[in-house]
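Across the two complexes that follow, chain A remains constant while its partner is chain B and subsequently chain C.
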Partner chain A sequence: MIRLLSGDGPGGRLVSIAVLAIFLSLAFAPFVFEGTRALDTAARICVLIVLAASFDLLLGYAGIVSFAHTMFFGLGAYGVALSSLHMGRGFEALAAGTAAGAGAAAVLALVIGLFSLRVRAIFFAMITLAVASAVAVLVSQLSQITGGEDGLTYRIPRALTAAADHGTVPAFAIGGDLVLGGQRITGKIANYYLVFGGALLLFLLMLRLVNSPFGRVLQAIRENDYRAESIGYSVVRYRIAISVISAVIAALAGSLFAIWLRYVGPDTTLSFELMIDILLMVVIGGMGTLWGAVIGAVLLVLAQSYLRDVMGSAAERMADLPLLPQLLDPDRWLLWLGLLFVLSVYFFPSGIVGRLRGRR
Partner chain B sequence: MLETRDLSVRFGGHLAVDAVSCRFRPGELTAIVGPNGAGKTTCFNLISGQVAPTSGRVLLEGADITRLSPAARTRRGIGRGFQQTNLFPGLGVAENIRLAVQASRRKGGALLRLAAADRTTARATTDILERVQMAHLSKRLAAELAHGDQRKLEVAMLMALEPNVYMFDEPTAGMSAEEAPVVLSLIDSLRRDGGKCVLLVEHKLDVIRALADRIIVLHNGRLVADGAPARVMEMDIVQDAYLGQGLANV
Partner chain C sequence: MTGTAAAGLTAPGAGARIGAAMPWLLVPLLMLAGLLAMTVQAMPGEGETLAALLADPGLWPLRAPAALEAVLASWVTLTLAGLAMGMMVFLMASGLTLIFGLMDVINFGHGAFVSLGAFVGVSVLAALAGWMAAPSLPLNLAAVGAAVLAAMAVTGAAGYAFERVIVRPVYGAHLKQILVTVGGLIIAEQLIYVIWGPAEIYISRPEMLKGAMVFGGVALETYRLLAVAVGLAVFAVMGAVLRLTRIGLIVRAGVQDGEMVEALGYRLRRVFIGVFVTGSALAGLGGVLWALYQEVVTAHMGADLMVLVFVVVIIGGLGSVTGCFLGALMIGLVQNYTAFVEPKLALVSTIAVLVLVLMWRPTGMLARDRGRQS
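Take a look at the complex of A and B:
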């Protein structure tokens, strides 16, 4: 277990419990939570954990600020979409699209890195912003290829859709009327486990990476790049390497997301709002620890998915009171989300995980 | 052997280092002295690669290293310490040293191995911690150390690189009277037992007297004296330019 986690546990009892609860919820999501919306939220969480964690590789571990992370995410997603459209539905198309997206992300990240990271790390932030904006404009303009603002819908292998039936879970009677299992395993659930398994694998890989000699050098560079260079590490090479690795992982997350959604569009994969979301996940969860990305992604996705519902029911309950129902109107949910962010950054400057670990 | 040939650097209109030519031999400890602003640290920066020279060359074992990056020079065996404490503040003491050991063994590129599982690097790290008498501090963050301990960690990191040329920039500055001898005897042993080439920028005359085989005097970026300590300290130009009344009092 510890070996699997690369000897880097969540640290702190509260964080460990939270991470374990998240893992179990995601692992058994199709059988624990009812409805497609819950499963969709779970899949979204899996993908965003990987995306946020891969962004933390840059921001938290290497101290590099990038605004192009969603662009790489989009490359992976569009790769799957385009290959599925042009090669026809099938697992070969998914594999080819995933590989092409990851390859394109690697090449683009390498070029951006070679041009900007040689100069200064802050220059990288500006270049990524420019390139990401250019790509977003290109995608919306080249509508013959990318579907423009409408995006693309495509078909994925039937085995991964709700129509497919992969049998049922063996049922266990626990005693009395309580029965575990017995649900039908649809292709949708198989698809979820593809996303979950892929995300888990990528996360464990990243955990390994940050605890490797390479990962330690990244932290040294973040702490003091001048000294890292003077003890013999070629800082530029390390920075370029991690930006390529991080881009490839983001693209792979994008491919998983595209396989799950069966749709790609600028809003879901390339938008600047998504970039801000990822940044918030990493900052709120805690920079410089991958567990922070897990906590941050879960909190943010849950807040975005369910805050309106919670507020709606709260507003109804307080219908008789003055002012409060108006404040809690579901249309005000962004206001409250914003307030939650400000408060969490104010009270947990080192992130939730950083704070809870510090108290250990 | 390390050699500089007509090494010069100009910052705007100011000639900070002016045609310095010098050879440094293994097993020899050379103290570089001079008043503030004489170009001692700049000279160090030129040799270790942090600053590129306007003209002139740096040679190591006969190979021209003038155009190499600081990292590449370190990999070739030049270990540079800094005047201002220059550590990885948010990392532990042992991790600071471990990173230097890992650098000298070129193990930083391993992506999927676990750093904690590297026994030989860990052993070398422990060894150095014990040599500098800092084993009890191994878990502390570098930023939390007392100033003297930070200076000692700086020296320890340099030793972890196992270079052929050691460059110390006022290694005992700010250290207490008890701490300084530990570091100085370490430096002495590098030269005496290890046969290493040691360059030392130092202000304290007692340290220079005790350690130096040779003194180089820089003044306004120029090399004005070079030779055995006893001889150099008596030279008029040294008396006037640098040591002045200071020497008379010692």
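Take a look at the complex of A and C:
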């Protein structure tokens, strides 16, 4: 167990309990939660955890800000979509699309890295922003290839759709009327476990990476790049390497998302809003620890679903007061997350996880 | 101006002279390239493909003059549009580049001032609807002037607050600066939604600034001429302040070496606040002009424009106002020519310019000499 986590446990009792609870509810999501909406949320959380963690590789471990992370995510997603459309329904198409997306992400990240990190790390933030928005515009304009704003819908192998039947879970009774198991395993559930397994694998891989000597060098560069350079590590090469790795993992997460959703579009994969969400997840959860990405992703998705309801009812209750109803409008929830974001950068730079770990 | 760029060097060789003047030469060169591209595109006659024509050099002299004549008018229009766009982007970018040069602060929230300025300006213009609709140029200009002044006052004040609250606690830490200013951008955008509502607001230009003047078959849009004039005026005033006044001297010295200026007893922080406020006010001015150019304002227009602004700041060289000016003109021209020749590639062409400039000069065209690593 310790080896599986690369000796880097969540740390702190509260964090460990939270992570364990998240893991268990994701692992048994199809059987614990009712309805397709819950399953959809669970799959979304799995993908977002990987996406946020891969962004944390850059932001938290290497100290680089990138605004092109959704672009790489989108590359993976569009890879799967296009291959499924043109190669026909099948697992080969999924594999080919995933590989193509990851390859394209690696090449693009390498080129961007060579251009911007070579001179100044601060260029990277600006150039990634420019390239990402150019790609987003291009994708919505080249509608003959990418489907434009409408996006693409495509078919995935039948074994992964709700129509397929993979038998039932063996049922056993625990005394009285309480019966566990017995549910039908549809292809949808198999698809969920594909997403869950892929996400888990990628997460463990990243955990291994950051606790390797390579990860240590990255942290050294983050803390003091002059010193790392004078010890003899090529700062530029390490920075480029991690930006490529992070891009590839983001693309793989995008492929998983595309397989789950059977739809890709600029809004779900490339939008700047998604980029902001990832930033919020990583910063609020805790930069510099992958567990922070887990907590942050779950919190943000839950907040997205429930904070709006709470704000809506609060706004209704205060309808008579001036300004407050507008501030509490459910559409303005980003305002409060933005405030939380700024405050957490000031006062809790290590995020929730760092804070809870510190009290150990 | 070309001469002054080269005159500072002691007995430079021809190559060095051209190298020093190159950023200035690039703007007219780009105009020529645009004309060439448009001419080539117009050359094929009925039922001919461009590839077939290009493979047959004998046909070129026959077609080129006619094609040139056909595209000349639209080339002039596009060039004016490009210059106007460049000037507006310059207004937004100049503050950003000085802020970076002086204090090493990179403000990702700069776009918020563009949006804020646009909304304030549009509100003022809506209040002055009578002046706007009147067919009198002085009244129209007075309305636009009032809108600009109000927008600059509000964005300047907002800039002061932004510097105090958002930027000040994170000096010297780039990573935190980027994060915090992005957070500031989100909050500002949302506050705009709270105040002005979520819908985009449409605005039409003042009566006398609609339409175009026609000179010998060439249409020049009045509003674009105004934008170019305002941009040139601001550039000239900025240049004069930076070169001729004491405060300008301190700012330039601060960009070169801030520590040294502080060691000489100047409070650079105060100068910096002044620059930050000025830069924000200029962004507000750019926002009003852009709003009237597009005739619509949205809360995220500032964030969208930041893409162009960053490209301009990078290719100009972080910290250089002149580089920023030239970069903005280049981007404006390239965008407009590309939008004419191949509309889908307009934004991608910006990235292409960025890549080419960085291959040529990795720190931008006119970056200050001292290079900081991070």
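Basically, the second predicted complex is superposed on the first by the 316 of 360 C-alpha atoms of A that agree within 3 Å, B and C clash if a C-alpha of one lies under 4 Å from a C-alpha of the other, contacts with A are read in each partner's own complex, and residues count from 1 in each chain.
Here is the rule we use: a residue touches a chain if its C-beta (ideal position, glycine included) is under 8 Å from a C-beta of that chain, and two chains touch if they have at least 3 such contacts.
Note that the structure is predicted; figures quoted are calculated from it, not measured.
Between chain B and chain C, more residues of chain A are touched by C.
Of the two partner chains, chain B is the only one touched by A:Arg208; chain C is not.
Once the two complexes are overlaid on the shared chain, A:Tyr226 sits against chain B and chain C alike. In the superposed model, A:Leu321 makes contact with neither chain B nor chain C. Once chain A of one complex is fitted onto chain A of the other, the partner contacts of A:Leu138 are limited to chain C, with no touch recorded for chain B. By the touch criterion stated above, A:Val65 is placed in contact with chain C alone, chain B being left untouched. Residues 226 of chain A are contacted both by chain B in one complex and by chain C in the other. On the chain C side of its complex with chain A, the touching residues are 106, 108, 166, 169-170, 174-176, 178-180, 182-184, 186-187, 190-191, 193-194, 198, 303-304, 306-307, 310-311, 313-314, 344, 347-348, 350-351, 354-355, 358, 362-363, 371-374. Of all residues in chain A, those touching chain B in their complex are 6-7, 208-209, 211-217, 219-220, 223-224, 226-235, 238, 245. Residues of chain B that touch chain A in their complex: 48, 50, 69-72, 74-75, 80, 82, 86-91, 95, 98-100, 102-104, 107-116, 118, 157, 161.
On the side of chain A, the complex with chain C involves touching residues 59, 63, 65, 115-116, 118-123, 125-127, 129-131, 133-134, 137-138, 141-142, 225-226, 272, 276, 279, 283, 323, 326-327, 329, 331-332, 334-335, 337-339, 341-342, 345-346, 349.
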